[in-house]
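Chain nomenclature is as follows: A, B, C, D and E, assigned in order of appearance, with residue numbering initiated at 1 for each chain independently.
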Amino acid sequence: MAEPLLDARGLWKTYGQVEALRGAGFTVYPGEVVALIGDNGAGKSTLVKTLVGAVSPDEGEILLDGRPVTFAGPRDAQRLGIETVYQDLALAADLDAAANLFLGRERVRPGLLGAFGVLDKRGMREHSVAAFAELGVELKDIDAPVATLSGGQRQSVAIARSVAWASRVVFMDEPTAALGVLQRGRVLDLIRRVRDRGVSTVLISHNMPEVLAVADRVEVLRLGRRVARFRAADTTLDELVAAMTGALATEDEEEA
Amino acid sequence: MAEPLLDARGLWKTYGQVEALRGAGFTVYPGEVVALIGDNGAGKSTLVKTLVGAVSPDEGEILLDGRPVTFAGPRDAQRLGIETVYQDLALAADLDAAANLFLGRERVRPGLLGAFGVLDKRGMREHSVAAFAELGVELKDIDAPVATLSGGQRQSVAIARSVAWASRVVFMDEPTAALGVLQRGRVLDLIRRVRDRGVSTVLISHNMPEVLAVADRVEVLRLGRRVARFRAADTTLDELVAAMTGALATEDEEEA
Amino acid sequence: AGCGSSGGSGGSANGKSITFVAGNTGDPFYITMKCGAQAEASKLGEKFNATGSAEWNVPEQVSAVTSVTANRPAGVLISPVDPNSLQGPIRTLQSNGTKVAIVDTTLTDGSIGITRISSNNLQGGQKAADTMAQLVNGTGEVVVLTPDLTTTTTNARIQGFKQELSSKYPGLKIDDVRQVGDTAQGAASAVGDELSAHPGLVGIFTANSQTGEGVGTGLKNSGKQGSIKVVSFDAGPQQVAALKGGAVDALISQDPYGIGQQAVDQLVNALTKKPVNANIQTDLASITRDNVSDPSVARFLYKSDCSS
Amino acid sequence: MSAGPTSVPRGAALLWQRARGQNTLWTFLVLLVLVAVFSALRPDAFATTFEFKSIAVESAILVVLAVGQTFVIVTSGIDLSVGSVLIFSGVVAVRTMNGLDSSPNPGIGVVLAGGAAGLLAGLLWGIFNGIWVAKAKVPPLIVTLGTLGIALGLAQILTHGVDVGNVPSSLANSVGSGSVLGIPWLTVVAVLVVALAALALNTTRFGRYTRAVGSNEEAAARVGIRVDRHLIKVYALSGLLSGLAGVLNLAHYSSTTLTSGAQDNLNAIAAVVLGGTSLFGGVGTVIGTVIGVFIPAVLQSGFTILQVQSFWQTVAVGAVLILAVYFDQLRRRRRSNR
Amino acid sequence: MSAGPTSVPRGAALLWQRARGQNTLWTFLVLLVLVAVFSALRPDAFATTFEFKSIAVESAILVVLAVGQTFVIVTSGIDLSVGSVLIFSGVVAVRTMNGLDSSPNPGIGVVLAGGAAGLLAGLLWGIFNGIWVAKAKVPPLIVTLGTLGIALGLAQILTHGVDVGNVPSSLANSVGSGSVLGIPWLTVVAVLVVALAALALNTTRFGRYTRAVGSNEEAAARVGIRVDRHLIKVYALSGLLSGLAGVLNLAHYSSTTLTSGAQDNLNAIAAVVLGGTSLFGGVGTVIGTVIGVFIPAVLQSGFTILQVQSFWQTVAVGAVLILAVYFDQLRRRRRSNR
């Protein structure tokens, strides 16, 4: 296999008395879809947050293209082309969908106005309508604050945002959890299209059929540690469940 | 079929310019599991909220045991044995899991202390540990505020709470969306056990295999209206999807 | 309540309106001044009303003056809370045709107003120092409590107090001049701390009526009533009660009623083109338990409403 | 730690629990250090029973106000009206006493009636606040800023803006400046209020609902807690305690102190937050609030005793406020999140 | 309405958008009604250019403060220090002028230098606040309550508590009380500040980040907005405007008005909230804030002109505050949620 795009080793993260990560590792290869699965509380969300700079690990190292990196914040990761859909979505509830899609990357008007930071609201809104349509999401009122959207609509906003800006890896923490059947299909299509564009996707999901349908590889986290890796084509649902519940351990993470 | 336990007709609900419910109806029979399905934004969560008194509909009527009822708030519905797991969970983030489980129904100490409202914290905690164990959820720190729990752990707290107090109907709005494979199985088991206790369950879910596995009946909502009803045993996944997307309409709601 | 009342009969009556702008509407000193002005106005047949803010506050008084200006009264007597800030608004008031009498406190520009009427505050401070020296036999530490250091009158009193001590009573030392705000509570709270800070304390001088009201309470709360000598400027009802009760030993009192009367007289003179006295100093009295009941000092005791 | 048998996490949990209980630890240390420093610098003046007593007495009224404020802030509300309600209640109390018997020393019955009238006045203002907040859904800051003006204005109208000083001497000499068994009355009252309030917040249903409402009002309503009624109760409690503070204030200063009290609200809020209660609601302790009252009080007294110019006190209190909360935050962050 | 072609929702959306833009409509009506009533009662005194001008002038300083406060509150923060920073900046400005040239009428250069020093002083306090809020994560209420004390104390120390009245007459007569083309300087400055601020909040990236941070700080940080820097900028803006207000105050009152300004912070906050800005952040308008300043100002002036006892003004302002926000809430609730 190729050189890993992103390789994390020996990550530890403790919250008070709770050890969320206990020497976890994780690998992403270029242009693949890799699923990260595990029981509730296994540490998946925490792991993702450490990999995208939203949380700093207590210990451990992250290699990007083989070189160690440290992220002071999500901004650092984004600059390197890494985007994230968080499990709790993290939208600005008082802003509308378009404003959220462009948040932190606003388009400004040309010329002098732009120099003063005057926004190109219209351009951004038009672009947003198109982006949401691609995901099969119809917003009845594009100017409504996202606080008033349905659960699935909100999730779509977060997904559209991450995909729009990622150039290397997109992390999606249970992106389809609240989606309808149609929208779920669109997101899985989107993930495949993103991969074809050469961008890797990390998909966290509790839906095993979905995982097996879209992922190239699967990594399994249990009690804060990576316990197994599979090629999706070579594994079965039962094997995945066994790994998650501890009935089967194909590898045990090196101690940090 | 028996007399409906709960029967709603012609419900309308408008938010600003958005019509979330447009004459929706919904029926629950005693001791059944009924799934409520529909696309994102179809109005499922809004419908549930009107049925449990969390939102008051602009129009329409709700019959309980054939008699019209109006709920001034969730308290009224709860008094009649109706409990809810909300899609956004609605937990008090600063309180621990046990406090959330008993919220609004605290046990007090016996005697004079109880008369002053002094809580039986220990008794409530012990009961909670048992209730969570039944759901296969392990809380590493039972005294931690629920704000620090993982997504699935929080969902389990909400489920345990509703099941503990329901005597007639439990509404669960996407209760398994964030759950792991193991926990999802436990919740489905729990739903069946609750039904065997004679309590009806309304399950909202976007996971069709899950719906078909556990539901006795399925009602489909589309654009704020009930468009179809099925006996789960007599239907197929494709038929459900067709109904949700509007490709198939078995019934069209009476205008309100 | 508190607004216009008019006479209607009396001498040169032509029903002109006169407005009083107090520095602090709740201070017995200004209430008494209002009573004097009101009585005189009604005697002369002029309309009278009073305004001002409940607190010693520059912007509030400025906006009060502005609103008064909109009403275009014939005459205004005002006690400016700040020597500079009020100059502009009062000039505007004058240029709109209103005659102005400056009472009690003063402005930096001494040419504003048709007349300036107040006690000789410097002398009052000296009087306070003499009284204090007598009470404590000329030796020990004293502290001064004052609302702030931005008011012309209280500053003059402190200056007089200091001058007199340094020139006549070398045994008396000022340990602290403390700003406690123009409230009784502020003064009361400060007393306890001052007692702890200065174990050798023998006397307290308070520079106006609000601080004077608080000091008695403060001493009572710390159980030092009587053992610390107190000389207090002004003679509000609570101060007089404290004097009679033994918490305070002497009051240096002004004649606010007279200030109010004379200010109205001068305004009416100006309005009727009679000669005006440009500067007037009113009397001060030193009140102790011995003379507090004398009829001669009665006019130096302040009121908290005009009917008493 | 492993996710093994429940006994292991239970032990750890207890430890954590205990640590969380010590949210107020740091601020308490600040208080101790201040006392130690001032005592060392001026043992003769500061480290004396007289001075400790006078700090305790001068703080008692603010403690009573701040305890009520604690409950309000735990619901994620705020009560800016406490200072005005204090003054209004004092006016009502003294007016009642004078109305029943205008002699300088009326009987105990009259004094009690006046005190009760003051408490009632406070309670009614609290209910008024609560109704606007809970039923009319006007933000608490606005409601209580409005009440601040209304109550103060009415107090001034009732008195024509002139302090009423005609306070019965039996009241002034007992509750106002007297002692029981050597402990000042004001301190006794404050300690009682603190003890009852701490129990109520920590161990009762009332306290739990207060936290729940502050944590997530929507969630509390959905489990059937009558959020509106509970909020009214909490504001009523704050009003009642402001009324009590008003009666104490009247007794202590023998005056209605009409023009004071403008800063009482901010002082009470500062004490609550200094004591570790979150302005976002859901979390807070009564004991912390008490410490939060004493830090500025000790600074104030200590500086006066050291004869530092009073302006420096203002500066120092401000600086300590920021620093104490900062170190407390640091410690908490280190202990848990991120 | 159907979920048909996008054109239909677009039209509706525009309508809704417009309605939302009118959040401040109700409060504006209240203002109009007040003006109408007072004008009808005393057309000779109230409905005059003189009176309107005076209200505009007397409100100008508060407008400048409240505009800064609006940005802070939209980030879900609060700035209690504005009144103290105002005074501190005035002191720095006049001290600078006097230091450079102590004659009563120094040259324009000296006046400008003093003004700049005042602005700078305000800006520095704002940055100070911002750093403690954004970097040290101390709650804004605490930071700015601390700064309130520190800035005021230092201003008093700088002046020994004595108002500096030595304000150059060129400043006092121009900016302080002069006019350009018949419009008072103070009003001109306030209008400029309002216009720029409204544009910044509504149309620029700076404004959008301000709302985003107030809406969900975590979310803003996760999309890469430098929340800490942005917060520092917002508090710096509030400080800068307080500094400007300080210079205007100095010019207008020819004095440093050391003992005033204690209520400036609450007045500014009341104006912001009266203007429809949410204390929970994320939502707000500058124009609303301006209306929020004028309602109490009009009440105040109207009552004085009607010779209503000043205490009733306090009551009325409080009552209008609650009622105006109440009706605004009602209207909004009817329009959207639940």
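Quick note on the criterion: a contact is a pair of C-beta atoms (placed from the backbone, for glycine too) under 8 Å apart; a residue touches a chain by one contact, two chains touch by 3 or more.
Chain-to-protein mapping (UniProt): A, B = Simple sugar transport system ATP-binding protein; D, E = Ribose transport system permease protein.
Computed from a prediction, not measured in an experiment: that's the story for all the values here.
J.: Taking a step as a move to a touching chain, how many steps at least join chain B to chain D?
T.: 1
J.: Hey, how far apart are chain B and chain C in touch steps, shortest way?
T.: Minimum number of steps from chain B to chain C: 2.
J.: Among the chains, which one keeps its Cα centre farthest from the Cα centre of chain D?
T.: Result for the farthest chain: A.
J.: Could you work out which chain's C-alpha centre is the most distant one from the centre of chain B?
T.: It is C.
J.: Can you check how far apart chain A and chain C are, centre to centre, with Cα atoms defining each centre and the answer in Å?
T.: From the centre of chain A to the centre of chain C is 73 Å.
J.: Centroid of chain C to centroid of chain D, CA atoms only: how many Å?
T.: Centre separation, chain C to chain D: 35 Å.
J.: So the centre of each chain is just the mean of its C-alpha atoms; given that, what is the distance between chain A and chain D in Å?
T.: About 47 Å separates the centre of chain A from that of chain D.
J.: At least two other chains touched by the same residue of chain B: list those residues.
T.: If we look for residues of chain B contacting two or more partner chains, we find 15-17, 138, 140-141, 144, 148.
J.: If you look at chain C, which of its residues touch at least two other chains?
T.: Residue numbers touching two or more other chains: 1-2, 25, 54, 179.
J.: Would you give the residues of chain D that are in contact with at least 2 other chains, written as numbers and ranges?
T.: 1, 3, 9, 12-13, 16, 156, 161, 336
J.: Contact residues on chain B for chain A in the complex?
T.: 15-18, 38-42, 45, 87-88, 137-138, 140-141, 144, 148-153, 156, 174, 177-184, 206-209, 241, 244-245
J.: Would you mind writing out the residues of chain D in touch with chain B in their complex?
T.: 1, 3, 6, 9-10, 12-14, 16-17, 203-206, 208, 211-212, 214-216, 218-226, 281-283, 336
J.: Can you name the residues of chain E that touch chain C in the complex?
T.: 45-46, 48, 50-51, 54, 58, 160-163, 165, 167, 172, 176-177, 252-255, 257-261, 300-301, 304-305, 307-311
J.: Which residues of chain D touch chain E once you look at their complex with the stated criterion?
T.: Against chain E, the touching part of chain D is residues 80, 132, 136-139, 141-143, 145-150, 152-154, 156-157, 161, 262-263, 266, 269-270, 273-274, 279, 309, 311-319, 321-322, 325-326, 329, 333.
J.: Mind listing the chain C positions that touch chain D in their complex?
T.: 1-2, 24-26, 28, 31, 54-55, 175-176, 178-179, 182-186, 188-190, 192-197, 199, 210, 213-214, 217, 220-223, 237-238, 241, 304-305
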